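Common to both upcoming complexes is subunit A, partnered first by subunit B, then by subunit C.
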Partner chain A sequence: MSFLDFFVVFCFLGGVVCSAVVALHPNILYAAVALIGSLLAVAGVYASLGADFLAAAQLIIYVGGVIVVILFAVMMSESIYKRRFLDGVKKMFLPTILSIALMLGMFKLLVSTNWGELRIPNYENTTIRIGQALTGPYALIFEYVAIVLLFGLIGAIVVARPNILKKDQDGGNS
Partner chain B sequence: MSLAEFLSGLNDFIPPNVPFFVFSIAAAVIVILGFAMPIGGICTYIERKVAADFQERIGPNRVGPFGILQFFADGIKMFLKEDTATKNADMFIYNLAPGLVTAGALGAFAAIPFSKYVIGADLDIGIFYVMALASLVSLGILLGAWSSENKWSLLGGMRGAAQIVSYEIPLGIALLSVVVVSGQMSMIKIVDGQAWLGSGSFWYIFHNPFLFLNFFVYFVAALAECNRTPFDLPEAESELVSGFNTEFSGMRFGLYALAEFADVIMFACVAAAIFLGGWHLPFVNIENIHLGWSLAGKSLDPLIQTLFMILIFLGKASVIVFVVMWLRWTLPRLRVDQLMDLCWKYLIPIAFFNLVGASLWVWIFKGQSMIELISGMMGAG
Partner chain C sequence: MFAGIAHNLTIYLAMSTVFFVFGLFTILTRRNAVGVFMGVELVLNAAAINFVAFYALKADSAQSSPWLDGQIFSLFIIVLAAIEAAVALAIVLRVFGAKKNIDPDQVMELRG
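Our next item is the complex of A and B:
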């Protein structure tokens, strides 16, 4: 077993265990902390496939950005220890069926795909090709996603600000 | 050649077939235990001495000559101190948080180029990797603050996370402007792009006016990323007792302190490598210096060159670290709203302007630096 095999198995196992904790742990803060582990495991899988840029982007965007925002929201919520967000068996019924269906579908895909010869990925510089793809064939989609994100930012500012605007108007009137 | 490859080259003399990842781990241990940790410890001593000089005191002077063993004494004290926690602390996260901070701060050292041959791993995405690992620090600060069940800690942690997430943007854009000019993300190739080749290629800080400005944007953003004065709001002593690490004691507190210094050194090393030419000096190219000394038939030149490169690189980095310590005793602390104003209203627009400016400069002047343009004009006239 080479180090790469060991690393990939470690990432997959860690990812599965951490994802299970995210889904099943009654304490939302622990679920959020386990999400760090599962995102790191995904980054590890990317890195072992030779997609180094994607792995670092996963770290910087999800672990460094999104998780911090999630933790902020979780810490602001009241009584983390008392709240069980998995209350009742009823709420678990539909998600369980859906995820089992998804798992069966993926298993079928796994079996029916012709994987061909397994080979060690080619560790070459992916950054240049990502840049060329984003400014060439995928330029329109890239710009579209950027505009959606900009709308999201402006929307967040508008939602967060109404009180300040009102106060300013009152100050102007008096 | 990375440090791990160098170690596995030494293995040729010793019996058989040790797998390569053993050398990777050995290289990581050497960089962390042999460089980052001791320098972090020595930095606490230097900081106290520098502070004493600025305040016209003597500073630590009892342990060893000039108090130089003070950091050993501090370390022993940290290790032997009782490890306490508050009654309602969430012990799992409380234990995890200092590790996360340390992992983020020390992991980034893997891609720091100390010389052309001494680097943990010469990744294709060197700068991006350093940024990604540095962003782990905010997680450790936030989790540690929350889990210690103390309102001062929580306030400090919230401030710290908001500050680090915000200042990552100007920091990343300032580094991106160098990537635009050099066309590389690998640390070694970026540093080599700044070598003195006689044609006027020079440090990137003097490449064009936009990069010159972006160096200062980088420096201010890096100060905020390491929670140093004037941006030490997360641990503002006069408001929050000690901020996010109030409840930590013993070596857990030690890890937070060590990670802070490791962060400062890491950002100083990145500044030295990216903007200040790494191991390159003006007017000389060290790789062209051959003394011709040899030992047992082998030329000693590569070894001597590497030693000089490491000395020059660390010299530049330590000048920046000194400026960081100097600022601590010069500037007062900002308020939270001033901190956010500085980031979102000033640094980010300036950084974006410089990024566009640097891109236009590369496009118009075909990647030539200011010095090349001036010397070209002098040559023509």
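Our next item is the complex of A and C:
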């Protein structure tokens, strides 16, 4: 059992446990902290699959950015420490059955299929190739994502500012 | 017992499946919009794991491998998830300011 096998199994178990906490813990602050663990496990999987730039991007953008935003929203929401964020047993019945059925079906498909051997590349640096791909064959998608980012940020600012409409209405009245 | 498990696609797809199912369960059962958003993050990460795993299935050990599509798409997933976080937090802030509540079941002004 090599170190890579140990690391992949460790990431798998950590990701499974942390995502279970995200799904099942009644306290949303604990769920948000467990989300950090599952995103770190995903970064470990990226690194062990030879996608080093992607693992770094996952660490920086997700764990450094998105998690901070989520934690800010969690801290802002009222009654963090009340156990009210999960539904009652009655409303969890159908989602539980659906989830178990979906998981069993996908695991059956997964085990019964011969996927072939992975050829993990020799952990070469993929940053150069990603940069060449982003400016070459994927340039159009890259520009498209840039436009989506710009308009998403503008839309987020417009939505989050509550005073724009009020000022317009006051100006119209006076 | 686990020898060679890192060179088999099964454990990565199993991790992706578990992430997807727990994310779907989170989306369906949380009574908090931020909780639903965390479920969306789990589902997006499941898709990204699948992309990178199939990249590694197709990757050649030669230096000039053209199979980089999986990594590129995972990168786009990460970037779009970041902007999705910003927009989702803006909507949550606005709804919380208007309703003092971010339970998706209680916010039903747009219900048809």
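Before moving on, here are some points about what is shown:
We take it that the second predicted complex is superposed on the first by the 134 of 174 C-alpha atoms of A that agree within 3 Å, B and C clash if a C-alpha of one lies under 4 Å from a C-alpha of the other, contacts with A are read in each partner's own complex, and residues count from 1 in each chain.
Quick note on the criterion: a contact is a pair of C-beta atoms (placed from the backbone, for glycine too) under 8 Å apart; a residue touches a chain by one contact, two chains touch by 3 or more.
If you're wondering where the values come from, they're calculated on a predicted model, not measured in any experiment.
In the overlay built on the shared chain, the residue A:126 is in contact with subunit B and with subunit C. In the superposed model, A:42 lies in contact with subunit C only, and not with subunit B.
Residue contacts after overlaying the shared chain place A:72 against subunit B and subunit C alike. Residue contacts after overlaying the shared chain place A:56 against subunit B, while subunit C stays out of touching range. Contact with subunit B, but none with subunit C, is seen for A:29 once the two complexes are overlaid on the shared chain. Contact comparison for subunit A: of subunit B and subunit C, C touches the greater number of residues. Common to the subunit B and subunit C contact sets on subunit A are residues 2, 53, 57, 65, 69, 72, 126.
For subunit B in complex with subunit A, the touching residues are 19-21, 24, 90, 92-93, 96, 123-125, 128-129, 131-133, 135-136, 138-139, 142-143, 146, 154, 158, 161, 165, 168, 185.
Within the complex formed with subunit A, the subunit C residues making contact are 1-15, 17-26, 28-32, 34-35, 37-39, 41-42, 45, 48-49, 52-53, 55-57, 59-61, 63, 65, 68, 71-72, 74-76, 78-87, 89-94, 96-97, 100, 102.
Listed in rising order, the residues of subunit A touching subunit C in the complex are 1-2, 4-9, 11-12, 15-16, 19-20, 22-23, 28, 31-32, 35, 38-39, 41-42, 45-46, 48-51, 53-54, 57-58, 61-62, 65-66, 69-70, 72-74, 76-78, 84-87, 91-92, 94-96, 98-99, 102-103, 106-107, 110-111, 115-122, 124, 126, 129-130, 133-134, 138, 141, 145, 148-149, 152-153, 155-157, 159-160, 162. For subunit A in complex with subunit B, the touching residues are 2-3, 29-30, 33, 36, 52-53, 56-57, 59-60, 63-65, 67-69, 71-72, 75, 125-127.
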